[in-house]
Amino acid sequence: MPKKLNTILNTAVLEAKNNSDGKSASYIPELESVDPETTGVAVLMTDGSRYEAGDGQDLLITLQSTAKVAVLASMLEEFGSQKVYSWVRVEPSGDDFASIARLDQFGPLPSNPMLNAGSISLCSHIPGNHEQQLHWLEQWIEKLYGTQLKINNKVYASERRTGDRNRSLAYLMKSTNVINGDVDNILENYFYLCSFEATLKEIAYFPMLLANKGVSLDGERILSIETVRQVISIMATCGLYNESGAHLVRTGLPAKSGVSGLIMAVIPNKGGIAVVSPRVNRKGTTIRGSLMLESISNAMGWHFAA
Amino acid sequence: MPKKLNTILNTAVLEAKNNSDGKSASYIPELESVDPETTGVAVLMTDGSRYEAGDGQDLLITLQSTAKVAVLASMLEEFGSQKVYSWVRVEPSGDDFASIARLDQFGPLPSNPMLNAGSISLCSHIPGNHEQQLHWLEQWIEKLYGTQLKINNKVYASERRTGDRNRSLAYLMKSTNVINGDVDNILENYFYLCSFEATLKEIAYFPMLLANKGVSLDGERILSIETVRQVISIMATCGLYNESGAHLVRTGLPAKSGVSGLIMAVIPNKGGIAVVSPRVNRKGTTIRGSLMLESISNAMGWHFAA
Amino acid sequence: MPKKLNTILNTAVLEAKNNSDGKSASYIPELESVDPETTGVAVLMTDGSRYEAGDGQDLLITLQSTAKVAVLASMLEEFGSQKVYSWVRVEPSGDDFASIARLDQFGPLPSNPMLNAGSISLCSHIPGNHEQQLHWLEQWIEKLYGTQLKINNKVYASERRTGDRNRSLAYLMKSTNVINGDVDNILENYFYLCSFEATLKEIAYFPMLLANKGVSLDGERILSIETVRQVISIMATCGLYNESGAHLVRTGLPAKSGVSGLIMAVIPNKGGIAVVSPRVNRKGTTIRGSLMLESISNAMGWHFAA
Amino acid sequence: MPKKLNTILNTAVLEAKNNSDGKSASYIPELESVDPETTGVAVLMTDGSRYEAGDGQDLLITLQSTAKVAVLASMLEEFGSQKVYSWVRVEPSGDDFASIARLDQFGPLPSNPMLNAGSISLCSHIPGNHEQQLHWLEQWIEKLYGTQLKINNKVYASERRTGDRNRSLAYLMKSTNVINGDVDNILENYFYLCSFEATLKEIAYFPMLLANKGVSLDGERILSIETVRQVISIMATCGLYNESGAHLVRTGLPAKSGVSGLIMAVIPNKGGIAVVSPRVNRKGTTIRGSLMLESISNAMGWHFAA
C-alpha cells in the first residue's frame, strides 16, 4: 500500500492544483497572508505509517473550526453524553456555520457542536475559572493531537477583534439561558480554541486517534469507544455545515473543515487525513482540499459505506 | 454469532416493549388499524443467514417513506449521479419531512431525496408514459427487494385522498420548473411507491443488498458500488429527517424511516435490518423501532464509526 | 382646486416619465403587450368631480391584485368581520405576495387578504355553486365599481395556465383545512377576480366609494362604515405587500397595487385615485405609478396623517 | 363633546375591567410591582382640553417601547429622512419585537424603528459623545413631551441587567456594519430611552403634538410636517409589532405600545391618547389598554379611515 498511497496522494495534489476557484478567507489578516497556492496532504495510519504530498508540510496552520471536534470529544469524555446533549443538539441544521436565524427559530439549543453556536455553548461549560479553562483546553489539545500545540496570538487577537457575530450568538444563548457566565470569557475560550496551530502531520493525528477507536499510537486509551462513535457520527452529518451531505456522498469520510483551508478526515478503522489549501468556497470549505479528499478516498476505496 | 444475535434481538424487543410513547399515524385508516403493540425485527446478513424476533413477522407492512430509498437507488442506477443531482440535492435540511417553507426559501431544488419533495422530484423523472412508469417502479422494487411486491390498494387510495400537502409541494416545484409534466400523474407515481407492502424479512433484503455492495444473495450485481456508496451516505445524513443526526450518533446505522412504523437500516458490509412498531413520534419515527436498533447496534458493535 | 389639481396631475405624469426603471410583467403575454410607456392617472372626488392626466385613459386594464380589495369588501359586507377573520388574518406579513414559506411557518391562516393566499382563502368561501360564485363576483364588482366590468378571457386563460404557485398555496391551505372544496374551482374564482378589466376612471370609482364612507355617487349605501374602515385600514398596512410601510410613509394614501401596473388609492374622506404604468419593480409595484401618487399626495396635502 | 367624551372614557374603563387576560411583564421587577388592576386613560386634544378616566393618573410609568417614537421623531428632525432610512427601513416585519431571525434573514437593516433592532440602530447615531448622547435624549424628550421627564434608575439598571437579547441584536448589527461604535454605550442609550417615566397625561402630550402637526400647545413648531407624517405612518403600520394590522383595523388610531402596559395613540388632526394597564398579551400589548382604545375610537368616530 505505501507505494500506491504515495502515488495517489501526489496525483490528488496535482489534480487539485488545476482548480483555482474560491479565495482565501480575508476577515483575518493572518489567513489571507498564507500563499493561496499552498496545497498539501498528510496521512497517518493507525499502524503509525505516515504519508504526505504537496507543499505546506512545515507550515503552522491555525485549527480554526476543526478544533470544534476537540472540544466536543473532550467534553463528552469529561461530562458524558447526557450532560453534553443538554447543552447542544446533534442535528445537521441545513444552515450556515454562524446562522443566527436558525438558532432564534429552532433553538434555544444550538443544532450541533460543529456550528459556532454549538461550540460556544460547549466552551461555556469548560470546568474551572477562566485561567483553568484555557489550561484545560491546552491539556486536551495535547492529548488529542499527541503533542503540545501553541496559540497563534495574532490570530487570537484577530478573532477577538472580528468576533461580533459570535458575540451575537453568545448573547442570544445567554438570553435563553443556554449559556451562563461571562460572555467575554466564554468567547475567549472559543477564540483560544480556534487559534491553536499545528503542522499538517500533527493535525492528522487526531482523526487517526478517532479511527483507532480512541487509542493513541502508544497504546494509551485517550477516548472511550462511546465518545469516538459519537464524534465520528457528528462529523459525518454536520462536519461541513450545509455541505456535509454532499461531502459524505462524495468522499465517505467523516470530516471537519476550518476556514484556514483545513479539513481533517477520519478513515474509520484505518487512519486520519489532513488537507490544506487556503482558497475556500462561500461556505468556508477549502476547494482543493475537498477535491483531494474525494480523489484519495475513491482511489483507495476508503468510502465508509462500501 | 447466531445464538448471540438471537438473544440480542429478543432482548431488544422485550426492552422496547416497555416504552409506549407515541401513537400510530392516523391520517390513513390502514395505518391506524395495525395493532399498536406490534414490535418486530428481522435481520438478513450478507451471508444469507436470517434472524427474527418479536411479532408482526407475517404482517404485510406498507413501505411508506422507506421506499424513497428505492427510487433514489433506481434513478442513480438508471441516470447516473450527475443527472440525479440536477433534480435533487443531498443535504440534510434540518426541517421536517414535508417542509414547504424550506423548499420555498432554500429551493428551488429540494434539499434531499429522503424528503417528500425530493422523492416527488425523482418520481417526476421516471422514464416512460404513466403506465410504463408504474411498471418501472414495480420492476425496480422487485430487483431491490429480491421479490415481487404488491401495492396495497387501500393505502394507495388513502394516500391520494390525503395528499394535499404533497400536491402543494409538487405545484411549488412545478412553478419553479423543478418538475414538469402532469402533477397528478407524478404524485400517483409517488403514492404508488409508498404503497408497496412487504413482510419484515422481505424489507430487510434491500438494506442487506446495500450492505453487500449492491450484489444480490445469488451473486448478481443489482447496483453499482457508486450507487451503493451514495445511497448509504444519504441514508446516514438524511434518512430520519431532522432526527438523522441523533439516530446516527445513537445507532451508527444508516437508515430510513417510514410512517408505518418501519425503519430499514444498513449494517455496512454486514447486513440489513428491518424493524416495525406502529407508534411514531411527532417526526414520524417509530419509537420502539428506534430503541431496538440502538440496542442491537450497541450489543453487536455494529456502529459504523468504530 | 380643479385647476390646481389638473396642473398637479400633469406635473406628476411628466415627472414620472423621467423614470424608466423596472419592466412589464411578462408571465402573461397580455400584460407584456401593453406599451410600457403608458403613464396615466385618474381622480374621482366624492363630489363627483373627475380629473385625469397622461395617456392610457381608454385602455382596458385588468384589475389583477387590486381586485383583492373587492372580494375583501364584499365578503365583509356579506359575512361580517368575525367570520371573515376566521378565514384570514389582517397582519402585514413582511414577505412577498406569494410567499409560501410564510404561510407554512406562521399559518395555517394567511397573514392578510391582500396576499394571494389570503384572497384565495376568501374566494373559497364565496356562497353558492361554482356558476353562482362567478355571478356573485360579477355582481359585487358592479356594485363596487359602479358599473358592469367584463372579464378579459385571454388574461383569465393565462392566469390559469401560469397559476402553479397559487395552486401550491391553495393545496397547502387545503391540507390545513383553511379552505375546503374543489381547489380548481376555488382558483378559478380567484383567477376570474383578477381578470376583470376596466378603464382608469372606472377603477378610480371604487376607492372613491371607500373615501365616501361606502355611499355611492347616487347616494346609495353600498358598504357599511365598519366595512369601509376595515378595508381602508388593511390597504394602509398590507396593500403593497412588503412595500406597504414605505408607501404609506411616502404617500399617506391607503392603496392596493396590481401587477398590471395599477395602483388604486383612497384619499380618506376626499376621493379615489387610479394610476397605471406597466413597468413594475421586483415586488410587482408600478414604479411610475408610485412616483405619481407620492407627487400628487404631497402637492395636494392628501397625506392621511397631517 | 367634553361631556360625551368623559362618559365614553369612563365606559371604556369599566368595560375593560371585565377582562383579566394576560399578565404583567415580569422580566423587570419594577414592572411586576405595579398593581395589575391599574386601568387608566388620559386624552389631550389639540385645543388643550384634557380628559381622564380610571386610576393610575398619578402613577409614574416608564415609557418603555413607546419611547421608540421619540427617538425616531428626533432623528428625522435632526438628520432628515434620507439619512434615517439608511439606518433603518420602515416595513412592518410580521415578526415579534425582538426577532433576531428576521434581522439575520432579511437584514442587514432592521425592518422598522418600532422594533428593538431598529431603535437600537437609531440610538447608535445620536450625535456626540456618550454623555452628550444621553443629554440629547433628555432634551428631545422634554421637547416632545412638553415637560422634563426623569429616568427611573431602577428600571434602567434592570434593563441593563436583562438586556442580553438586545445585546445579541446589537452585535449582529455591528457584525454587518449597520451600527458602529461601542455596543455597551449604544445599548445604554437605548435602555436610557426606555427608562424615562411620566404620568398618563404627560404621555398623552406627545401624540397630541403629532396630531397637531408638530406644533406645541404654545404654538411653537417642534416637528416639521414631514416628520409628523412619517412618524404617524410608521406608528400606523408598525407600532404594535405583529399586531399592528389588527390594531389599526379595530381602532383606526396610529399607536405605539410599551411593555409597561402603555399605549400612546394619535387621533390624526384631533389629539392624543395614553392608556395604561399592566397585563399584557404574549406580544407585549396591554390587553385592557387595547380594548379601551377600540371602545373610545368607535364611540367617538375617531377611526382615521372614515
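Going in written order, the chains are labelled A, B, C and D, and every chain counts its residues from 1.
By our rule, contacts are C-beta pairs under 8 Å (C-beta built on N, C-alpha and C of every residue); 3 or more make two chains touch, one makes a residue touch a chain.
If you're wondering where the values come from, they're calculated on a predicted model, not measured in any experiment.
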Joint neighbours of chain D and chain C, given as chain labels: none
Distance-maximising chain from chain C - centres being C-alpha averages: A
Between chain D and chain A, distance of the C-alpha-averaged centres to the nearest whole Å: 47
Whole-Å gap separating chain B and chain D, where each centre is the average of the chain's CA atoms: 54
Junction residues of chain A - those touching two or more other chains: 102
Pairwise chain contacts, counting only pairs that touch as defined: A-B, A-D, B-C, C-D
Interfacial residue positions of chain D with respect to chain A in the complex: 99-105, 164-165, 167-172, 174-175, 183
Residue ranges of chain D in contact with chain C within the complex: 89-95, 102, 106, 111-112, 210, 213-214, 225, 228-230, 232-234, 236-238, 242-246, 248-249, 252, 254, 266, 268-269, 303-306
